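Going by the order they are written in, the chains are A, B and C; count residues from 1 in each one.
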Amino acid sequence: MTRLLDLGLDRIHNIIMDMAKLSESSVLTALGSYEEGTRIKSQIFDWSEKLRTLQEEVADLAIELIARFQPVATDLRFIRSCMEISYGFSRFGRYAYDIVDVLETMGSISDCDKSTVLEMAGTVREMIQLSLHALRSRDKDAAEKLYQMDDTVDALYRKYLREIITPQSQQDKRFSDPRCYVSALLILRYLERISDHACYIGDSVHYIRTGTSSPRR
Amino acid sequence: MQQKESRQEDNRQKIQDIMSRQSSKKKLIDRIMSAFAIICVISALIPLGSILFEVVKNGISAISIEFLTQPPGSFFLGHGGIAPAIQGTLIVVGLASLIGAPVGILSGIYLSEYAGNGVFPSAVRFFNDVLTGLPSIVMGIVGYVSIVLLLGSFSVWAGAFALSIIMIPIVVRVTEESFKIVPNSIREAAHSLGIPKWKITLFITMKSAKSGILTGIVLAVSRIAGETAPLIMTILGTSLFFTGFSGPIDALPLRIWRLASQPYESAHSQGWGAALVLILIVLILSVVLRLFVQSKTGYKLNRATF
Amino acid sequence: MGSKESFSINNSRVVEPLQDNADGKSSATVKQYKVSIRNLDAWYGSKQALKNINLDVKANTATAFIGPSGCGKTTLIRCLNRMHEMTPGAGARGQVILDGINIYDNKTVDPVIIKRRIGMVFQKPNPFPTMSIYDNVAAGLKLNGVKNKRLINDIVKESLEDAVLWDEVKNELDKPGMGLSGGQQQRLCIARALAMQPEILLMDEPTSALDPTASSKIEELVYNLKKNLTIIIVTHNMQQAARVSDYAAFMYLGELIEYGPTNQIFKNPQKELTERYISGKFG
């Protein structure tokens, strides 16, 4: 039996799926441009703006559904989670834009050592895909895996930060050119935030399924 | 899809045509029916109106102080009055009501509040309805056989008894109906307050049923005030005032009958006067009771008052 | 959070059945509950309307019974003050324990007297039609032997205040009760029930016949009455149940499906049937 509420829920669901695809593309394209040195700032900017608009649309639709239909139980949890998830996707877009902005500002970094960033980028790519998969299949256990992966991302970030600030860093050729390590540090920071938001998406999916917050370590 | 829509449009048009044609025919039938109903009302009122008119016309001349306060004198001369009959009617009807009303009310309460729909209550209701339809002369015979033969004389007791058994079935039915009309939600509310059943019946349900019961009693009293046949065999009739409950007494219906059977014009005239007096008594009784109930409950005496 | 708070029959928090020689321990656990229902079955003739209901109601809370038509919620509430058996052919079996006393124990409990401790408000307002506002509220007291006029006056005033009707009628106490509007009549009925100083107030769809403004007045007063009373309300309006109650019991076809704190039932019900009903996915 189709309720009036179901029409609204379907619409929110479709917007979230669109945002998922768009934000994934944004991040992957931004990382790609870091690797290959391509300039795609305006496109990423457009996508980021689009994600922000979609996020507002989700929020508006959510409160309209709540005001009109007084949803309860799973429907209510779904609506609340969609508000959080859409915010997460808009953040993906924003950080993708920030990454590309760093590259613009720094200019040429093709001679830099990109190994740390690329290592973290690989994990973050996986995390994004896992969070999207969890959303599509309503997998409540994905959150746990995501947190484990988030741990490795955090560890990598901290390691790089420590290495920069220790006295031996002057000798390390990675830290000779400020453009290299500043851009790397900023991008690592953004990637770390993206990974956090991927975890939050996993949390939201867990909440939709079980009605409880996922147990964090 | 388009075919369906145009078919619906056709049907709609057809229905509107039929209904507009019908409405002009309906108006005519409406008017005819209204006229017919009014004719029925008038023809029902005509006999009533003409009776009242006749009684007043013929009886008003007989009314005088002497008429109302003196015992009967010579029929031929048209002297005297019908005072003992007036007194007798009041006493016998009063006594009959005192016997009949409580018995009737309590029986009605039993049937409505305490009995279910089992064999015994259904039988009681059935026989009650039968009794309301019995010819009143039968009640007279019963009164004769039970009281007159027992006490050895025609008496007020016998008359009151006979009238009361006419009254009781009417009061029983009216009481049961009045109680049944009271919505069950009232009783439920009272139960939920922890009030015992007998108190609910007497103090709460009764209050709502009161006006209906009183209407019924007024009707029953009006009826028995006019009954002649049962009185013939029980009170005998006399020209004397009240001499005791075990003695005979006169009553207006009897007196009217006696006066009308005389060959003298003066007696007939007195008979009309007595009839007028009887009608007036019943009318005053109704009005007084209505006003009494209205003042007590603040509600007009209306069977549908709840 | 993660742990279930539902009072399901397998949950060890369910109270042990009281025995005649209850030891101190079990009765101490029972005392936090105002009403405990144990193994309650009820019938209309041969049709069973309630099947093995077990439920504990905490004191000074509002509990809502929800469920589709015919689920037994009205039957259940009417069993709690022994009104159910007044319907011809109706019967019930089991225990309803009020402060440690089983009200179905006919040897020690008089069904008429027990009703004085449990007030009831009905779906359609039913003030006594021939009585004034004052007499309506005082009816229960007067007909149960209270004669002290000053005491009755005080109680009438207090009850009308608790029912948020005093200000509207204080100068018209002798006017007929039926002259009030629908919402006012229902508050009058509440005042009439409150005058008996009950410990529990049973409300059977009290706002079904009222407009939204009148309904919300009554919902607010339920909130205030909780301080001194335990309230059980049957409603088919789920949003009302969500607004007004602390605990909710969902019933279906005569059985208790789920019972727990309202915010849990409405945010995260444990049983699928409950979820489907409250989400509007069936009747």
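Convention: contacts are C-beta pairs under 8 Å (C-beta built on N, C-alpha and C of every residue); 3 or more make two chains touch, one makes a residue touch a chain.
A quick note: this is a predicted structure, and the numbers were derived from the prediction, not measured.
For chain pairs A-C and B-C, the one joined by more C-beta pairs in contact is B-C. The chain with its Cα centroid farthest from the Cα centroid of subunit B is A. Comparing per-chain C-alpha centres with the mean over every protein C-alpha atom, the closest match is chain C.
Subunit A and subunit B, compared by their mean Cα positions, are separated by 92 Å. Once the centre of each chain is set as its mean CA position, subunit A and subunit C turn out to be 51 Å apart. Chain centres here are Cα means. That of subunit B falls 47 Å from that of subunit C.
Touching subunit A in their complex are the following residues of subunit C: 1-2, 238-239, 242, 266-269, 275, 278-282.
Residues of subunit C that touch subunit B in their complex: 81, 83, 86, 88, 112-120, 122, 124, 126-131, 139-140, 143-144, 176, 189, 192-193, 196. Residues 1, 3, 5, 70-77, 210-213, 215 of subunit A are the ones touching subunit C in the complex.
Interface residues of subunit B facing subunit C in the complex, by the touch rule stated above, are 116, 183, 185-186, 188-197, 199, 203-204, 207-208, 210, 297-299, 306.
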